[in-house]
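Each chain gets a letter, A, B, C and D, in the order it is written, and its residues are counted from 1.
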């Protein structure tokens, strides 16, 4: 691991939308690091980013990047279905690992990955970026501080503003709606409620994004949660919020409640004969851009200070387990106890 | 039935909190009616209201009031467990009937009541006052008008600011948390989504109002709904919103979404070093006072115009069925299809 | 004056929009009173209201009503330019008086009226209904309680949603824009800031309601206030808020700030591809209906308890003086010290 | 001027709070530039920033930096009273210039500076960063698009959360309250209303920051504006918003209105028995951080494309003139016509 005086050499694997974001953040906004290498099969995308960000080492294959002994840490931002294999390869190459969520699509595969990481004794952080959002962090601090008493119910709503593009819509690759969209909410549920989920029930439906019928996925789901301590929860995920990106979370406690999220984007209101109108957050980056930056900075800082990152493999396993349980519950129409998985 | 020129003679049965409200509304704010009679076993309460509102006929027993042939219509505002019997007696006495929700606590009893009302050919309105709230009415009009496309998900949250008083906490009399609090949401679900509920699953828990353990009730529940047309829903009911009375409803549609409800009470904001602060709606009347007035006016107007009131026995049966299904679902931990009840 | 056991007999003079409102409130929502008489020159309007509200005595001329010795108190709701004369006549007839704002259009005339009222020793309340709005009352209580420290600046904005109708647009009768609309804000300024106004400067302009050019009035004005204690203020009045009725007030203090008012009407939000949208308060009654009721109840209660009403002639004089000063300031383009008037 | 292929070499003069911000932005977030030089008399501050941001050239005196022929452009972020002299020196050295607002504290000095810049034919941008805020930009676009009709009134409120520190409180150096805080609002007024200011009147007061008495400044002011086209405006500036940083602007038009600004900081709401509470924007950077970045990027891009920056010397002169007029108006208690200055 690098000492304090020399910057960490970071490699980004995959230069899709998320990979480009991470590359840009590393190149311009994260302190104590250099963007040292990228790997991407698409030559033109790779070359464009490498030129723009002046990246000294570019590779077609992830394996080539992992073989570079100068690389201290990697950011894995490839399609979900390749995460598990790449994390294991990176662990074997003794790189510190930041992996976009989810680590894997099944509980079994997640466990295999965690074993590999554990044996390799490398650092692992998983991309639950909402934990690094200022509002969620303040919410968590207020709960820990007892400001709302004992958490009683958890409510979350995650709504995307469009149907998934065909190339991202195969549930075999994305994990399906509940895994793909709900996993952030399931992670927040555990983190904010301070209790593990015991049982879930769910309903799912395909209502608007009719193309998903071909691949066997749905576009809306509601999931009930029962926590081990008796607290309750509900999570809604939807692809049909064509008005904008809408992420809201509420925690009701025995002494008060917290609400995180709003849909207003810029602080501009227009009043006309039709009423008052404001714009809605268009998508992910407008809401969580700062959180993406903060989670990468956290990763870099933990590596430099040789601390374990806050959001690691066990969190990935726990959220994945809830998502698998909820997906099973909606498919079977029966509640699923997590201890039965 | 009275002609347009003479006012309807109304009798109020039960002068608890709701009965007093209805009596006052009839005496001061509803046009085309006179508050002609009341029945209440508590002599002092009866006398106080009769004096204050100058009511010409006062009775101890409901039966006495029903025997008065001058009474055109009755408002039944007694404890829930007596509703069924009184509605049947009023029907037999050929009175038009306004009954506080719910009509009865079981599906079977509700059906028996509806049969009696049907045979007697009297008008019946059930107290789902939220349907008369300006915001819900506008929401319904926007949905019918197609402004949000096809309704996709329904979300409702009903939170009371205190644990029930001991005398109202027996689920044998109240129907229990889900029946008592959720029935308004189940009625709104059918009305706003334009589809019947097919299946429910639920989780319930006793977390804060520990006295409810004695009577076997809970203080929090989350209920998933699947509608016949494939739409989904979720309802949360809680007794633990000690910050205030909080009723919110959202409908996501294929072209837009609606949100009804806010917790701010008066339009006053205070900003100090601790942040910005506003007061929360304390309880029922501050939020739905106008709706209570409007539903009584609707009842009176329907009687005068010999129209069937908008919210009748079939609505009461449908909402009761969902509440029974949800209560069963939380108790058994299994989803319940409404067609199996 | 009536004793507690018999209701006060109230007479309403003038059955325009405001007079009808007061008549209805007295007939249905104010306790301890009967609507005993009305005076209105328009026979058809008089007859319609008298029938609807079952008013026992109807008159064409105010003088006839004032001659009825049974009438305890009168509500003067005629055009502004007749207020002064009618208040003096009512005082001479020894009636308690509630008069719509303003009492008179000039400082001199206001003083003459107050002298007459004082000599007659009758109660007088002036219709500054905002003081009876729950939000303003809470604001005042918070200020008195020291919650925002020493008041530093006062900001008010009063916007009407339409140009005045021709029959109400003559400044000789209305007092002009600043008197007609600003007088509520000037009254609130004194009441909330706890200090008198020392000096004003103002700008006015005719921008949209071009018909006002004929009568020599304006449709927009901004007024700076300097209070005797050094605090500052600003009031905007406008006829051009075609989006709705918009009344907002802010007080900045040395320890915090208060904001009163919002433009959202019903708690309904619609989200579409165009953004989020809500409806705006259409006009006066939707915002201040409850305050109108509360101020009349206050008047009735003060009479019954033989207390002096809270908002009396001195308040009318003080607000009128500010309005006259501000109107002079905008006309001359020079600041006006109130002590010079 | 640099060609597209080589980055612009930027020098920052002054490393106080604003200078450090600009240096950091240039070093990490602005594309097409390198932070090539800094000048700062405080050796330790200079060395710290130079090390952290790896700046190749560091100087004690601005003149030394200006003598470096490699420097293409300078950012002047020294105390206000030195702006004029440094801009002239930079112009003479043929550097492109970005200068923090205001350019100078008097109209005469501003004119002299503009002459010097004009003769030197160098680019000049002035730091009215609010014009680069997303909400203000959208507001301007909506107005230009006619969405609110003809602008009728302009309202602005700028409130700082603390009294100025002693070293920044001398009005001879800051220009005093109205110049220091109001200049942004005066610039927005011209830009958003599309008309020049014709006349101002003002009131000012020292109410809370008592230390300002020594230097002869005030902590609160209200300013009325009359625009050449007859539109009206009002600007409040205050040092006493101890609850947080509060910048709000409204434009009322003949067909609608716009509101820009809100005080909520993170999208987090806490509800307790005391009501609902949210945090307020603490200070400048939390509200306008993105706008500071965007204005620097605009400057760099204009230089590379050899375009004139959008916010130049004439804008600085116009806003300065309004500020001088308003300061004179408050001091003399008389309205001031800008054409008389």
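For the reader, a short list of remarks on this structure follows.
In this section, contacts are C-beta pairs under 8 Å (C-beta built on N, C-alpha and C of every residue); 3 or more make two chains touch, one makes a residue touch a chain.
Computed from a prediction, not measured in an experiment: that's the story for all the values here.
Within the contact network of the assembly, the step distance from chain B to chain D comes to 1.
In terms of C-beta pairs in contact, C-D outnumbers the other of B-C and C-D. Our note on geometry: chain A versus chain C, Cα centroid distance of 57 Å, whole angstroms. If you average the CA atoms of chain C and of chain D, the two centres end up 42 Å from each other.
Chain contacts: chain A has residues 241-243, 246, 255-257, 264, 271-273, 279 touching two or more partner chains. Residues 150, 152-153, 155, 157, 159, 199, 201-208, 220-226, 230-234, 236, 238, 240-243, 246, 252-257, 333-335 of chain C are the ones touching chain D in the complex.
Those residues of chain A lying in contact with chain D across their complex are 28-29, 134-135, 138-139, 142, 147-148, 255-262, 264, 266-273, 279. Across the complex, chain B is touched by residues 241-244, 246, 263-264, 271-280 of chain D.
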